[in-house]
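In the two complexes that follow, subunit A is the common piece, with subunit B as its partner first and subunit C second.
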Partner chain A sequence: MLLLQVIVGGLLLGAIYALFSSGLTLIWGMMNFINFAHGEFVMLGMYVALLVVIWLGGGPAAFGFAAAFALFMLGIAVYLSLIRHVMRGPMLAQILSTFGLALLLRYTAFWIFSANFVSLPQSALSGTLNVAGILMPVPQLVAGLAAIVLTIALHLLLTCTTVGSQLLAVAEDRSAAMLMGIRPDRMQALAWGLAAASAGIAGALMAMSYPWSPSVGETFGLTAFVVVTLGGFGSVPGALYAGLIIGLIQALSAYLLGPIYKDIVVYALFAALLWLRPQGLMGKA
Partner chain B sequence: MKWGVLVGLALALLFYPFIFTGPFYWDIGVTFLLAAISASAWNIVGGYAGQVSVGHSMFFGIGAYVPLLFYQLWRLPPVLGAPAAIAVALLLAAAIGMPTFRLRGHYFSMATIAIAELIRIFVGTWDLVGAAIGLQGPAVGRAWWDLTFRSELPYYYIFLGVLVVVLGTTFAVTRSRFGFYLRAIKADERAARSLGVPVRAMKLKALMLSGFFTSIAGSLYSIKTGFIDPESGNIKTLKVYPAIAASNASETNVALAQGGGLA
Partner chain C sequence: MSKVSASGLFTISVVAALLGALPAPAAEPVKIGILLPLTGNAAAAGQASKAAEEIGAEIVNGKHPELANLPLAASEGLPGLGGAKLDLVFVDHQGNPSLAQQLATRLITQDKVHALLGAYQSSCSFTATAVAERYGIPFLVGDSAALNITGRGFKWVFRSTPIASDYAATYMRFFDDMKKQGRRIAAIAVVNENTDYGTSVADSIEAEAKRSNVAVAIRIPYSASSTDVSAQVLQLKEKQPDVVIFISYTSDSILYMKSMKNLDYLPPMVIGDDTGFSDPSFIPAVSDIAQGAMNRSAWDIGKPGSTTYKINEMYKAKTGRDLDDTSGRNMQGFLALAEAINRAGSTDPEKIRLALSKTDLKPEQLMMGYNGLKFDDTGQNILASTYLIQLKDKQYQPVWPANAAAAKLDWPMAGWKH
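Showing the complex of A and B:
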């Protein structure tokens, strides 16, 4: 019974991993660009949720939307001010620019919010659901389900709409897309906005159940790398499956080996993946 | 590079402790030299070969931990642990480089960050190496071979000597066939391969050389400070990255890597 409980908890957390990782995989697949600041976007989403709850009040829908909107804007701003200029530069510039951005965001958060752990004040959602003996805290359940729905929505946006086709066209061949009347710059800005928004909303969802501090971004960023690598670069469905798998592996290794080993197991898996199957589960080589 | 500038810089570094006297300025000097050593070491693989490592803190950490571990376990002078640290760092570099250098692009960067993080968490939970508390060196030097001095001055000149060795090696590399291979790989890996450059072996060699010197930088740090924990190793090397960015922004060359250490 306890094992089943652990599995459910892992899957619910894994769904959130899937949501923010799908943002990272979008950027990666589209622009072949790695964003080391993605975890920091998640962290900022958490603080946006906190500020909204403190200043304006409101439930998960309100602060979730606020976090998505704020991070969407931030993503576009980051693209226009930074990424656009280093995109075609050497790889060193690409990596160090987002690495620097991550440090900037992380330490700005330390400066503004201090290093203490914070959590949302008693939110609108509380209570626990008891399904056949398995206890599911309502905030985690809502967050997990919302994350799955949003990840699938992102996938549908990419595959079934005109904007999605335009985004994928730019990813496929930038100049050909330009000849078809698509503005690559605008599409890439949109991709960054969507990626950051997915991270922000995932952060806001997680803020309902877990306390956090400015340094959590590093862990989330690495988790996103693992998920994206496992799922295959650029594949949103891959990120969904991989997110659930990673959540499950973390929960099981914490339960079977001890809590301190959960990150060790995940990073070791990451290293093994890079060596054995770098294209991931669903990726093209 | 202008030889005059180089000679001027060398003289400035040599006489710095006499121009700016006192522990405060000496400590700044020592910190600067350590940053310059780390940055120059990183530069070999990140700058010349164009393989961006974001996990060099693991080499630094190994270099810092092993000497203090030698003291902790067997009461040996920490400096004896430095060669052992180098051996471990070289093994690790080979273990990371052999699989990831088959691939191009971002894989190497991601592998370095993952393994550095893995090691950091692992060390933080491993009691033998002090877990999260860290390791301490001899509080008071038992003899000169403990390299525990009250003054910063001996450290300054030891670090300066190491920096000269690192820069000398880098300079020798730029003049060698190996250096040309590395720059060819950075410019265009596929073209380099087609011209017969042993790409994988050269990248691996660069990483090992870089890990070698980064490990030495870590040993210098822990022998001087007499203390290391999982976080301080991580942060020391993190601080070097902006410097590296600055030094690589224009042209990859030795002097800039050193100047970047100022930051």
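Showing the complex of A and C:
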């Protein structure tokens, strides 16, 4: 019974890993661009949720939407002001630019919010469901299910809509897309907006269950890289599977072997997979 | 012409006024280098300790006759050095032991500090003290509890705080007392973060428990940066210990309390080994679900009018919060260092070291509830001790031992069921 409980907990956490990683994989896949500030987007989403709860007293739907919207705008602003320009520069400039952005966002958050750990008031969403002896904390359950739905929605947006086709067309062949009347700049700005929004909303969902401080982005940023690499660069369904798998492996190894082994197990499997299948689970070879 | 002479007169009068205002040549300030985690995971605790040490400097540098039982409070500056002021140089090691090592070197070689203080995380104190030993600069450790910081044969390292073995022994004496009162403590669980601090305290607890015939049902080492601790809580739930001792930093201790509620696991008693449980973020985050959780502390605000109460008022005016045990132990370390430098009557490192080794402060000369301050050959304070406190509403209150208790111990803890 406890084992089942561990599995459920791992999957719920994994679903959130999947949601924020899908944003990273989107940018990676579309532009071959590594965003080191992705974890910071998650962190900002958490603070947006906190501000909405404190100032407006909204529920998860309100602060989830607010975080998604705020981060969507931030993503577009980051693209227009920074990324668009460094894309023309050497690879190293690209890497350093988002690394710098990450530090800028993190220390701005330190400055504004202080280093203290904060958490959402208990009243935001609380309680625990007991389904046949398996305890499911409502905040985690809502967050996990919402994350799965949103990740699938992002996938459908990319594969079943005109905008999605345009996004993918730019990713496939920028000049050919331009010849078809698609403006790559707009599409890439949209991709950054969507990527940041998915991180923001994932942050808002996690804020319901976890305490955080401005340095939390580091942990999530690293997790997102592992998920994206495991799932395959640019594949949203890959990120979904990989997120769930990593959440599950972490929970099981922490329970069965002890918490200090969970990262060893994850990274060992990760290294083994890279060796056997470097393109990731769902990536194109 | 008249313009020029007017401004000339003005300049002369300003210079004259400045010269007149200058006192007799002031004694050179004494520079104290302080290493703390001012950013990173433990930044909140580091910032709180920084504020406490700044208050400490204010007490020593200014005139505070109302705190006269503390050495150096009533007088201005260090009388032993012609009224010299203390000049604090703070550096941020971010909780990174190798950075702490580099910064200690920089403080000694470039900032030319006369003494060092720090460094919160045991792992950082461990590396930074080694640098001080190499350069022959006195280092006072105010709050790091891992055993291995002293006892390396170092001459230049002194530690005012109680350490892992003191804490372990305190817990066992407490359990003994509880058993005598008819409470069941057959098995305990020890959950520790896995760097020097958590490992050292947990090792000491395991060793003491063995000696006192208390079974350790399970020991769970984990990384303090974990984002999820449900699996650990389920392991505890499986073993059903009578007491769970957490040796945890901030976010992890909050996470444990929340996960325990979510997974509906409430042991009869939770004891937090200070640190995370004393962090300024802990009470606002989980006080409504962790009612009755115990903690250790040598700090007690005390009655209105007492020295500790006045110190707390000063701290509160600066930070808006009550002083906590960790920051208090750092402030006590700072005050003890200042007292020794004053007694040395010099900034010569060897003289400060000698003065430190001869420190002998009585309980009434301290702001913390130690039995005194006296260092043994390894540099460890042999009179350090601690109280146990319990979370009641939004405040911790001393509940053990009986002579320090301000409130009745609630057993079992109420958690969120109140």
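Going forward, the second predicted complex is superposed on the first by the 268 of 285 C-alpha atoms of A that agree within 3 Å, B and C clash if a C-alpha of one lies under 4 Å from a C-alpha of the other, contacts with A are read in each partner's own complex, and residues count from 1 in each chain.
Quick note on the criterion: a contact is a pair of C-beta atoms (placed from the backbone, for glycine too) under 8 Å apart; a residue touches a chain by one contact, two chains touch by 3 or more.
Quantities reported herein were computed from a predicted structural model and do not represent experimental measurements.
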Partner chain in contact with A:A115 - subunit B first, subunit C second, else both or neither: second
Touched partner set for A:Q250, first subunit B, second subunit C, both or neither: second
Partner chain in contact with A:I260 - subunit B first, subunit C second, else both or neither: both
Partner chain in contact with A:L2 - subunit B first, subunit C second, else both or neither: second
Greater subunit A contact set [subunit C / subunit B]: C
Partner chain in contact with A:S213 - subunit B first, subunit C second, else both or neither: second
First (subunit B), second (subunit C), both or neither touched by A:F99: first
Overlap of the subunit B and subunit C footprints on subunit A, listed as residue numbers: 260, 263
Sites on subunit A touched by subunit C in the complex: 2, 5-6, 9-10, 13, 107, 110, 114-119, 122, 128, 135, 137, 140, 209-213, 215-216, 219-220, 223, 250-252, 254-255, 258-260, 262-263
Subunit B residues touching subunit A - in the complex, by the definition given at the top: 46-47, 50, 52, 54, 99-100, 103, 105-107, 109-111, 113-115, 117-118, 121-122, 125, 238, 241-242, 244-245, 248-249
In the complex with subunit B, residue positions of subunit A that touch it: 32, 34, 36, 90-93, 95-96, 99-100, 103, 218, 222, 225-226, 229, 260-261, 263-264, 267-268, 270-271, 274-275, 278
Residue ranges of subunit C in contact with subunit A within the complex: 38-41, 43-44, 46-47, 194, 220-223, 225-232, 234-235, 237-238, 250-251, 254-255, 258, 261-264, 279-281, 285, 288-289
